[in-house]
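Structures are listed in the sections that come next.
Both of the next two complexes hold chain A, though its partner changes from chain B to chain C.
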Partner chain A sequence: MRELYEQLKRLFPLGEYTEQRRDLAFVTVPKDHLRPLLIHLRDRERFSHLVLLTAVDWLEEGHFQLTYLMNDRAGKRDLGLRVLIPRDGAAMEGIHDLWPTAATYQRELREMFGIDFPGSPRVNEEFILEGWTGMPPYRRDFDTKKFSEENFNHRPGRATTDPATHMKEKLYPDEA
Partner chain B sequence: MALYEPDRSQYPVKKPDGTLDIDLSSGKYLKLWQGPQHPGITGNMSLELTVCGDEVVDCQTHVGYLHRGFEKLMERRTYIQCFPIVCRICVPEPDFNEYCYAAAVEELSGIKSPHRADWIRTLILEMGRINSYMMYLGGHAGSLGMGVIGQWTTYVRDLMLDRFEELTGARIYHMFILPGGVRDGLPDGFEKRMEETLREIESTMKDVYEAMFCNAVFKKRAIGLGYIDPALIDPYGVTGPTARAAGVAKDVRKDFPYLVYPELDFEPVMGKDSDAFTRADVRRRDVLLSIDLIRQILAKMPHDGPLMAKIPNVLHWKVPRGETYIRAECSRGEYGYYLVADGSGYPRRVNVRGPSYTHAVALLERLIINVNIADVAGLMVSLHTYPPEIER
Partner chain C sequence: MKDELKKRLVKGPDGVEFEVDPLRDYYCDARPQVEPPAVSKIVEDFFNWARAESLWILGFATGCGAIEMRPLMTPRFDAYRFGVQWRPTPRQSNLFIISGYLSTKTLKRVIRSYEQMQSPKYVMGLGSCTINGGMYWDSYNTIKRLDDYLPVDVYVAGCMPRPESLLAGFEELKRIIREGKGEGANKYAAEFDRYKANQKQVIHDWDMPDYNW
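== the complex of A and B ==
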């Protein structure tokens, strides 16, 4: 994988490289170079299968990480491309014309993270949530506890023991 | 002689921007909702069909009837607390979720599960695969008008659930594969009872072959239905039996061997016609392959050795910062977990890549065009889609 990274580095300004396994590596790519890199990987390096497209919210650092995971079946290797985009006004160029199936991922990211993909089919339609007007729920600053307290009635449950104390007594009695 | 020649003049014209020119007030077209409450739909999903006569001219899929926000819930739970959640993402095959999640946590924590545990994990995954195929065969036969096949396959699936019960203590959600290994070894006499179950399944599969695959009605309706061009396999992210039925040898067990698959002797089951019939046949032969693999596993697996590696105190388990992707071949295709850890005791992000995500939305919307309304159910089941995987 290191060899592929060195090759790609000559063509594209790549960022941080992390080799997770012998057959899996992640590399950071500037936003504007993602598309040419994807086309290069697909047409020249046999990375023809888009495994997934998802986002990670790094709230503390103020950006979203988009992960495009590409798979080369013949070469038995995976390459994850990380694109960092600012959280404010998050938008990214779509890749639904390269992989039609990416449109589904982009719709989900638009709804769950609020990342816009202008021009992607049906991207502004409701995908999973219905009538949702608040903050996109998969963002880190969305408070799930507050949401459920506001929207659902409290129902008293059965008597329980605190799991931490209970397990410590039962499973790890020797630990301080 | 052409059996049926549709009148193409009444079909919608494609406008330059790629959208269809459908004027509902013209009386030519009708909106028809199939689902979410419909026997011809797999799980909780609905298809908004635009039909012209008996044929579908446009389709939009709608999901979201079973969204549980599991990926978000997992960000608020410790690594071990996520276990009761992951198996519920996919009811027919919970074990693949357990394995992928456990393997991802192990990899990021630098833990290696014991060899004997890997054998038992492989055994469980193959048992789960048979279970899922049994549900599928009944569903596919039912969608094309044969109710009795589902009763036979449900019976043998129940026998396999008995084996699961004696091995793991549970029938559907096993929570048997944990990070570090598995909870227990095989009970006494398990091999003998498993062999009896496998023989019963083989005998049922023979009946299913004769009643379903040699049936003229099934052949007439399934042959040629939902043809997937092999050129669409990669652009649409098609994996598993659906890809293998198109002659593309995609099988994670061979391509990216995990657990003890390198020590087992098998070849991926292949087809070439890429229609609903071939896909059903590939899955039928995959059941026979799984039976063979279970026999190999029981004959070759070690009977002593540790079952769990040493793991940290689960209450204070912090996983170092990093990201990984673990995949496994489930009965529908490539199942994977993308796990991002930030060094705390909670996952930063868990993303589940279910095969239905690509099969049931983009691919289905394309294949369904020009299909007769009566065959929509057969087409959808032939992709073996499972909507809760889409919305998690």
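== the complex of A and C ==
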């Protein structure tokens, strides 16, 4: 994987490189160079399969990380491309013309993270949620517990204890 | 609202155009009625005995608990020897097992299926998710109390309950029915407004009639 990275680095301005396993590595790519890199990987390096497209919300840093995981079936290796986009007005160029399956991922990201992919087929239609009007639920500043308490009736009588102290009191009452 | 639910003009085979309002024309939206028991107690007891001995389950799985149905159906636990069997349609079944967590999206389908079942009908809540939310207690799309939305006759606790607990649950339900306390459908009819208000509180895109029988 390291050779592939060195090779790609001569062609594209790549960022940080992380090797997870011998057959799995991640590379940070500037937003504008993603598309040429994907086409290069698909047509020249036999990474013909888009395994998944997902997002991570880096709330503190103020950006979303999109991960495009590519698979080289013949070479039995995976390469993940990380793209950082700003969190405010998050939008990204779609890749549904390279892999039609990406349109589904893009619809999901539009609904769950609020990342827009202009021009992607049916991207603004409901995907999983029905009648959702609030903040996209996978954003980290969405308080799922608060939402649940406000919207769903709660059955009283449910108590929680901190497992560490609770078990200590149960098992070693002298030390507690 | 979905396109297929909007009012539209349809041209019949005889060339006459007429207006179709799917929400009104395709469903009976009359409110459910409380059904009084049989006049004589001995007849009602006989009915209840018969009802208890043929629990027909709607094959509708909402969550992970559905996996417990397979060993129950098949020879190892063989629920059929208790008069319990699984049916493919709500019209033929009288027991609805809510098997595990229930998302608001599934709740909508569950309500529609429940309302299409013939009375008398029973609901069994399976697993802790239906009781108090279970491990989905802070989820943004999972309801926490099933009995706010449907009349539940019996709960089976556990995460997941083993098939043995389900069999015990069937026995418990049979006892409830024989005692004449399996009145879920009548309770639903009597407290229809409360149930509908609760359902509409969590289902935001309500695009069906209030009662689709």
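A few remarks follow.
Please note the rule applied: the second predicted complex is superposed on the first by the 159 of 176 C-alpha atoms of A that agree within 3 Å, B and C clash if a C-alpha of one lies under 4 Å from a C-alpha of the other, contacts with A are read in each partner's own complex, and residues count from 1 in each chain.
FYI, a residue touches a chain if its C-beta (ideal position, glycine included) is under 8 Å from a C-beta of that chain, and two chains touch if they have at least 3 such contacts.
Fair warning: this is a prediction, and the values are worked out from it, not measured in the lab.
By the touch criterion defined above, A:P137 lies against chain B and chain C together after alignment on the C-alpha atoms of chain A. Taking chain B and chain C in turn and counting the residues of chain A each one touches, the greater count comes from B.
By the touch criterion stated above, A:D57 is placed in contact with chain B alone, chain C being left untouched. In the superposition on chain A, A:D72 makes contact with neither chain B nor chain C.
In the superposed pair of complexes, A:R21 makes contact with chain B only, with no contact to chain C.
Residues 128-130, 137, 142, 144-145 of chain A lie in contact with chain B in one complex and with chain C in the other.
By the touch rule above, chain B contacts chain A in their complex via residues 60, 63-64, 67, 69, 71-73, 75-76, 107, 234-237, 239, 250, 255-256, 313-315, 322-325, 327, 334, 336, 338, 340, 348-349, 351, 353, 357-358, 361-363, 366, 391.
Across the complex, chain B is touched by residues 18, 20-21, 23-24, 26, 48-52, 54-57, 67, 69, 73, 76, 78, 80, 98-101, 103-105, 122, 126-130, 137-138, 140, 142, 144-145, 164, 167-168, 172, 175 of chain A. Within the complex, the chain A residues that touch chain C are 128-133, 137, 142, 144-145, 147-149, 151-155, 157-158. Note for the complex: chain C touches chain A at residues 104-105, 108, 131-133, 137-145, 148, 198, 201-205.
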